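One structure below.
Chain naming follows the written order as A, B and C, and within any one chain the residues start at number 1.
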Amino acid sequence: MPDPFHLNGISSIQTGLRALDIVGTVMFALSGALLGVRKRFDLFGVLVLGCVTAVGGGAIRDTLTGNTPPLFLRDETYLWLAIAGSLTAFAFGMRLARFERTISLFDTLGLALFAATGALGATKLGLGPLGVTFAGMLSGVGGGIIRDLLAHEVPEVLYRRDQLYATAAAAGALTVYLLQGHLPQLGVQLSGAAVVIVARFVSRRGWVRLPVRRLPEER
Amino acid sequence: MPDPFHLNGISSIQTGLRALDIVGTVMFALSGALLGVRKRFDLFGVLVLGCVTAVGGGAIRDTLTGNTPPLFLRDETYLWLAIAGSLTAFAFGMRLARFERTISLFDTLGLALFAATGALGATKLGLGPLGVTFAGMLSGVGGGIIRDLLAHEVPEVLYRRDQLYATAAAAGALTVYLLQGHLPQLGVQLSGAAVVIVARFVSRRGWVRLPVRRLPEER
Amino acid sequence: MPDPFHLNGISSIQTGLRALDIVGTVMFALSGALLGVRKRFDLFGVLVLGCVTAVGGGAIRDTLTGNTPPLFLRDETYLWLAIAGSLTAFAFGMRLARFERTISLFDTLGLALFAATGALGATKLGLGPLGVTFAGMLSGVGGGIIRDLLAHEVPEVLYRRDQLYATAAAAGALTVYLLQGHLPQLGVQLSGAAVVIVARFVSRRGWVRLPVRRLPEER
């Protein structure tokens, strides 16, 4: 069994990082479970969708970096929190009048925290700027992609033409790469997460828009 | 190259466990291949869908637990059996008048055996109750999820509102966790598989039903 | 961190193999990015779809063989080339009057090169004929499957009833298994890739067709 860097480098010593990882887990659990409620899944379906969304990003991060079994299987805290988040969504789902907004808010927080943690893990493996950016982005968007595939929804990562999403995650991950060594770890991670949140906020206001290639027949 | 626990702990010594793993492989191959026949795939498409369904659960189990390359690549028996099962389904598919029932039966047996084997592997890594349950459940439902994604069907794992499916796999995996150390390995695995089968049978009779959250507009 | 065989056995010494891997990466990047352009993704969405398609096959190959982090994260060349290919597709996409044909051509080249490289890597792990064929086929079709799932298209791997696709990849991978030890590595890989290309070409001409099982109601 490996002795992965999480337990020494991230989780044990810098409990701040672990706390952020945990908050991201709960956010994504809420996001996944609320989608399950809206799709009329039963109790267990909501639970599974919430948990898979919550641990999917971390599972991708750990599998890509060779930390198997992934952290969420070794540390039961994550699954307990994912279950608690999913049950909360199931219990209160009915009263959340505007699913879209709530899911979207939780989703942004989860995206920000997971992209930053994933990028930080990738820098510890000595990866370069593109590798860190890609791994961080995948850690951030992985849970949501799995959620959408399982719910047979169009994966919103690539389709949100009016908003920055994966772009925001990538920007946050790149921030982590650029700041590492210049700030304490917690500061690096918080800065990366902040960049994701700001990018999402700015783009939802319609201030930033990425170009779309015009097709010949549209001219 | 790792020296994975399968070869020493499970396959070589306790051939009973290996036999069950092999039966599960054939069951899932039949299930996947019959879906391919129904979807009008060509011979090779049926073969691939059968094989991927058959080895998908084990691949997820081995990748999560760090046993790479996965068992199905190291031990050719699994792929030969998956091919044999898929060709059988292709050859006799026409005469199986009621695909739904047959696919469903094979699927339940594969689910039961893979959930139990996956859970047993997870207990050997020292995982806790939630980790074992989650890993066993994923091993059980993984092949079917890959099958449905590739066939562009709605993944039935989460949508089967009238039946226990992933719930049944989770119950079987938890059974393995609770019984380990109290029974011989083969007994533990068979008990876990039996719980899955009973849970599926009971729920198909309509005796058990999980709640669905009512949405505001439905009140 | 592992010292994977790529860096010694394939990339450093036999630069010819590396060159082919790189060409396959660019081909798949073009294929994925063009699909993104046609689906009206924005600039970053096209970039992500192109990159994921380009590195997906290699990521599956490396994850299955335990070479983590995967080569594309350790060697930035791959992502730079995938980005360059994707931007090229975005820039010139409008003028490519016939997307279908162009995507299909790039796709075939990527399929051929990745199936051969994946199969070669599998032979180095000592896998048998089925394991090498399956791992090579998955390396070849993996990027395209991820591309189609993310773009919410029907995965064309299994549906192309009129053409050999996964079959072609499997035939090329099996060729690599049979020829290893009889030819230099570069020759083995080129032969495997050639078999894939010929099989694709022949089947597109309609000379070869795989059987489809007739269903009872069709008689």
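Note that a residue touches a chain if its C-beta (ideal position, glycine included) is under 8 Å from a C-beta of that chain, and two chains touch if they have at least 3 such contacts.
The shown structure was predicted, so the numbers you read here are calculated from the model rather than taken from an experiment.
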- Item | subunit B onto subunit C, rotation angle from CA fit, given as a multiple of 5 degrees | 120
- Task: Count the residue numbers both subunit A and subunit B use at their shared interface, divide by all numbers used there, and answer same if that is over half, different if under half.
- Result: different
- subunit A and subunit B have mean C-alpha positions lying a whole-number Å distance apart equal to 28
- Check: subunit B positions touching at least 2 other chains come out as 63, 66, 149
- Report the residues of subunit A in contact with subunit B in the complex, numbered from low to high. 1-2, 36-38, 40-46, 48-49, 51, 55, 59, 63, 66, 68-70, 72-74, 76, 79-80, 83, 90, 93-95, 97, 149-152
- Inside the complex, what are the residues of subunit B that reach subunit A? 63-66, 122, 125-131, 134-135, 137, 145, 149, 154-155, 157-159, 161, 164, 166-167, 170, 209-216
